[in-house]
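Here come two complexes built around subunit A, the first alongside subunit B, the second alongside subunit C.
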Partner chain A sequence: MTLTELYCLMPIVITGCAALFVLLCGPLLLSSSLTAIGVTASAAAGIWAAFTAPAPIQCIPGLAFTPLAQLLIPLFSFAAALTLLLSHGYNERRILKGEEYPATVLFALFAMCVLPCATNMLILFLALESVSFAFYILVSMDLNRAESGEAGLKYLLMGAVAAAFTAFGFALIFTGSGTLALSAALARPENRAIISAGWGVLILGMAFKLSLVPAHLWTPDVYQGAPSPVAAFLSTSSKVAAAALLLILLGHFPPMTELRVPLAALSVLSMVLGNLAALRQTNIKRMLAYSSVAHMGYLALALLTGSRDGYAAVLLYGAIYTAMNLAAFGAISSLSFEEEREQLTDFTGIGFSTPVRGGVLALAMISLAGIPPTAGFIGKFFIFYSALKGGIVPLAVVGILSAAASAYFYLRVVAQLYMHRTEAPAPKPVGFAEGLALCAASAAILVIGVYPGPLLEMVETALR
Partner chain B sequence: MEAIIFYILAAILLIGTLCAITARQAVRAIVYLVVSFFALALMFYLLGAPLIAAFEVIIYAGAIMVLFLFVIMMLELESPEKLPKPRLSDWWPALALVVVVVGALAVLLLSHVRAVPPGFTDIPVRQFAYTLFKQYGVAVEIVSMQLLFALVGALYLGRRK
Partner chain C sequence: MTSLIPILSLLIFLPLVGALLVFAVRQSGAAARLLALAFGLAEFVLACAPLALDRQAAHFGAPAGFFLYQDHGWIDRFGIRFTLGMDGISLVMVLLTAFITIVAVIASWNVKERQGLYLSLLLALQGAVQGLFLSLDLFLFYLFWEAMLIPMLFLIGVWGTGRPVYSTIKFFLYTFVGSLLMLLAIIALYLMHGAQTGSYTFALPALMHTTVPYQLGLWLFGAFLLSFAIKFPLFPLHTWQPDAYCDAPVAGTLMLASLLSKTAAYGLIRIAYPLFPEASRALTPLIYVVAVIGICYFAWVAFAQRDMKRMLAYSSVSHMGFVALGIAAWSPVAVSGALMQMVNHAITTGALFVVVGMLDERAESRDLSDFGGVWGKVPVLAFFFLVFNMASAGVPGLNNFVSELIVLVGVFKVAPAAALGAFLGSVLTLIYTVRLVQEVLFGKESKPTVLAEVSLREGSVLVLLAVVVVYLGVHPGPVLDLFKAPLELLLNK
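Moving on to the complex of A and B:
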């Protein structure tokens, strides 16, 4: 390995070393300096990846700094840094001590950095499983709340089954193609049946990770039980990582017609059932969980087109969804003190008593509903545009109708924030770190919504 | 000769596993499972993979199962749990799977395509190590990170308040 090759893989090295450093020096340092180290390392990895030219060759066997990695690593780093900033104050209020939390967040980021760099299926699988593994720990971090442990156990059991499905799918594809390398893994015509079977099982496993209906049942329980900053990280980066895995695989294999029906079924069921179930929720975290089911349905719709436009829409939506959900869960986490503020009625009049946090939550909801000039509109626009252009008109119509219906439950939160005044005392102010994170997420929503040009260009380069 | 050894080992393997899943006491189940692991290890040896045979004995039969035994001894389980008898409806998934497996076997047997087993190639340790640590070295690193964090997570969650 030469120095240039090491430079390409620097984001992975930085995050991995930072995770180990935090673990080693954790007992000697204050929690604020641990957060600072984590945020610095995430930012360094992201900036390094953003300003390094992608190398076409493998750096070391199994890893290459691909154009996709150049887009996704900064995105994951952004999410991890914001999560660490959000959880600093949250963990202090909740008496969650220890270096394990920032170290595990950095480990999740490390695995996420490996994923888009992978050039063989083994690394791809291991990276995805490491991401899930970090989240099993993070979800059950809150020892003071029984729901947190329960959510962790549920996620672990479901995730183990999903991992088995994914591994079996990869094994069948390997049987058919005879190699683990992605670039050489072309479907041989005589082994078509076994490769199709592998894809079928793989799609099932990925449906768990993306929480597509009918494999979505874990989502509301896990989001509700997890600490809010973790839910923010889980609902954004782990979903984008799973979508990226599908993109990488679909990009290397020729389009398979037999995948259309299962993907279409997953997509349409997720869009309709996710939005319908979200209509009935009174708990905002469960509502956001069902909304994420619906949003992953939109992503599957764009994947289904199999076109370059569709894949670009997936990446664009992944980035936008990251900003929106970080803002939404970030606002919830900064409004939670001794208890999680999660019932819809707890948010009555928050828009007046704490204008900034209430405003961020309202902005996130408006963006999730897809109302211009927020980023959510741009994302939905490109998804449905690519679907209509790709010729899957009926599904696109179902998607647009269900997206229109979803505006009801997002705007209900906004109404709850601003339509009534409350007698309850205003929530206490929060620290600088959480304020910074909320500002960064809402700035991203607004900037992408008003001026999406640079992001579109980055997505185009990533797919080249 | 090899075929006879194979069939003897296969019988031990099947009986051992069957006893392992039907044993009511956990300790007995583990000992049965260890027996079947030994038979499996010998089978790997017959297939020309002595290294995997050694790993099977050292890691599965040795480390993991002994760990299980320790855990069960620490828990001090007194009498085996009384499990309710499986109802008739519980059998359907298992029966469906049996039908699938038997069907697949029948299709294979009736298709008359006799696959010629590939020649016996011995893989030396050096080549194995080269493949593992050179070609898949990154994978080993990722797995070790994952195991480290499994340990960290287990320690954190097991901590008493």
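Moving on to the complex of A and C:
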């Protein structure tokens, strides 16, 4: 490994070292300095990746700094940094102590940084499962609440099954192509059947990670049980990571026509059932979980096009969805007391009593509903543009109608925040770290909504 | 001058900046009010500026007929540009928006709760409406079309009466469903144009040269029509409207009735009809039918109302039927009548909502039975109430008469039956208006109430509105002249 190669892989090195450092030196340091170290390391990894030119060479076997990594590592780092900032105040209120929390977040980030760099199916699989592994721990981190442990166990059991499916899928594709190296892999026509079988099984596993209907049942329970900052991280980065894995594979194995029908079914079911189920929720975290099911349905719709535009839409939407959900869960987490504030009625009148956090939550809801001038609109526009361009008109119509219905439950939150006479108890003043995270997320939503040009360009470059 | 000062961008961003500044000083009601009024007046002055320009001169690079034009790159990936243009039609709409907003600001002088925020949202709404009337890029138009909903959502939901949350969400969802289908239609048209010409653009003038297969054109036009018909609102997509109009605060109702319904009519004239000439011709009978049903049915329903605001809501949508009728006929006379009716409807209906708002503020009731003998108690307020109601009923010499007559003349040439139906509807209008005036001004009241006479602030608004009502009634020529040239271009496409 030469110096240039090390240079390319620095983000992975930074996050890996930071995770170990926090874990080893944690007991000696204050929790605020642990957060600071974590945020600094994430920011450093993200900035390093953003300003390093992608190199096609394999740095060490199975890893290369790809254009995709240049987009995704900053995105994951952004999410991890915001999660750490949000967790700081949240964990203090909940008396969640210990260095293992920031260390696990950093470890998840480390695995996420590896994933888009993978040039080998084995690395890809290991990276994905390492991400999940970190989340199994993070979800059940809140030992004071039984729900947290329950959610962690549920996630672990379902996740293990999904991991088995994914591994089996990779094995079948390996059998069909004869190599684990993605660049050398060829979809030989005579092995078509076995490769499409591999794809089929793999998509089942991925449906779990992306929580597509019918593999979505874990989502509401896990989001509800997990600490809110973890739910923010889980609902954004782990989904984007799974989508990125599919994009990497699709880049090497052309989309199989046999898979169109199952993927279309997953997409339609997720969009429709996700939005319909969200209509009936009174718990905001469960509502966001079902909304996330629906949003992943939109992502699947764009994947289904099998076109460059569709893949670009997936990446763009992933980035925008990250900002939106970080803002939403971030606001919820910063509004919480020692107890979680999660029923819709807990938010009555909050928009006026705590204008900034209420405003961020309202902005996130408006953006999730896809109303301009927020980023959610740009994302939705790109998704449906790619769907129409790809010629899947009926699905686009179903999707857009379900999106219209979804406005109801997002607006219900906005109405709860501003349009009721009674007022729920106001929370403690917002801390610096949480305020910073919320401002960053809302700034991203507004800036991308008004001026999406640069992000669009980055997405295009990432697919080159 | 036109190249030095970007008037069109200023028209959009001035209110938005105003909204931010008013938001910043929201703690002090007086400062917020004065600032909002100052921005409203500044916007009006700015909107008057194009009147002084040479409107014959073609602007460099602009499509024919647009005497002010601005074009900037925005989202290159999709060929989306920040393109604004002003012709006679948009000039009148922009002036109207600026005028109505001033009225709305003055009418909100006594808002008790969070007045600064209220006025800030009002100005933001104005910015979005101005943007909509000026955009020549379909994506930009859509952006403003939907962005408009956000301030309106809050105006009704936070300051509304009755069942505000129900009404505002109903209003929002109705409009949102239509809009999203329109978004799909816009994308489809964009892709089709790109595939045909190789240049992917949302520029409205370019998209007009797209060849759309007849069958597909029907679907696309249908999506546009649905979206516009909901906002219009046309029968039978109106069920959100009485609730929203009724439960909104005075300025909210004013913006909804006077401006937001006009954005839909404007969209039909500027976008839907010119983009899909064949499909629109095929669906014209349908529009005639819903327009005539709307005029008659809503007039009839208005007659049955006891709540004055609800009655006005139905009266408003009944009058909008004339606009739809004029557009459906798609002849120069009829469409200029429709445009004139848009202006007059905005002024008259807006004025009526303001007057009823004043009565409501005094008596804390909008029920017809609670009023009577108002003429004897507050003659000035009663006088204006009478004037605006007469205008609404179509009395010659006042504004609505002119435009409804032009529409009827224009429509009679192509569809005599529709014109006849609309005429019958206007007779019904006369009946409920006369009853309203009779009961409120001269009837016997059930319980004695003391009403205060209009203040200077209220009087100034009423005088302003009444002057416009009379002026447009006796001298509509200058406004009609503004419509002439752009309509020729639109209709002969």
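Please note the rule applied: the second predicted complex is superposed on the first by the 461 of 464 C-alpha atoms of A that agree within 3 Å, B and C clash if a C-alpha of one lies under 4 Å from a C-alpha of the other, contacts with A are read in each partner's own complex, and residues count from 1 in each chain.
One rule holds in what follows: contacts are C-beta pairs under 8 Å (C-beta built on N, C-alpha and C of every residue); 3 or more make two chains touch, one makes a residue touch a chain.
Keep in mind it's a predicted model, so treat the numbers as computed, not measured.
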{"item": "Touching partner for A:7 - first (subunit B), second (subunit C), both, neither", "value": "neither"}
{"item": "Touched partner set for A:168, first subunit B, second subunit C, both or neither", "value": "neither"}
{"item": "Touching partner for A:62 - first (subunit B), second (subunit C), both, neither", "value": "first"}
{"item": "Which of subunit B and subunit C A:253 touches, first, second, both or neither", "value": "neither"}
{"item": "Set of subunit A residues, in rising order, touched by both subunit B and subunit C", "value": "none"}
{"item": "Subunit A to subunit B touching residues, read off their complex", "value": "16, 19, 23, 60-63, 98, 100, 103-104, 107, 110-111, 114, 122-123, 126-127, 129-130, 133-134, 136-137, 140-141, 143-144, 149, 152"}
{"item": "Interface residues, subunit A side, partner subunit C - complex", "value": "352, 366, 371-373, 377, 381, 384-385, 388-389, 396-397, 400-401, 403-404, 407-408, 411-412, 414-415, 418-420, 451-453, 456-457, 460"}
{"item": "Residues of subunit C that touch subunit A when the two form their complex", "value": "74-78, 114, 142-143, 146-147, 149-150, 153-154, 157-158, 164-165, 168-169, 172-173, 176-177, 180-181, 183-184, 187-188, 191"}
{"item": "Parts of subunit B lying in touch with subunit A, wherever the complex brings them together", "value": "134-139, 142-143, 145-146, 148-150, 152-153, 156-157, 159, 161"}
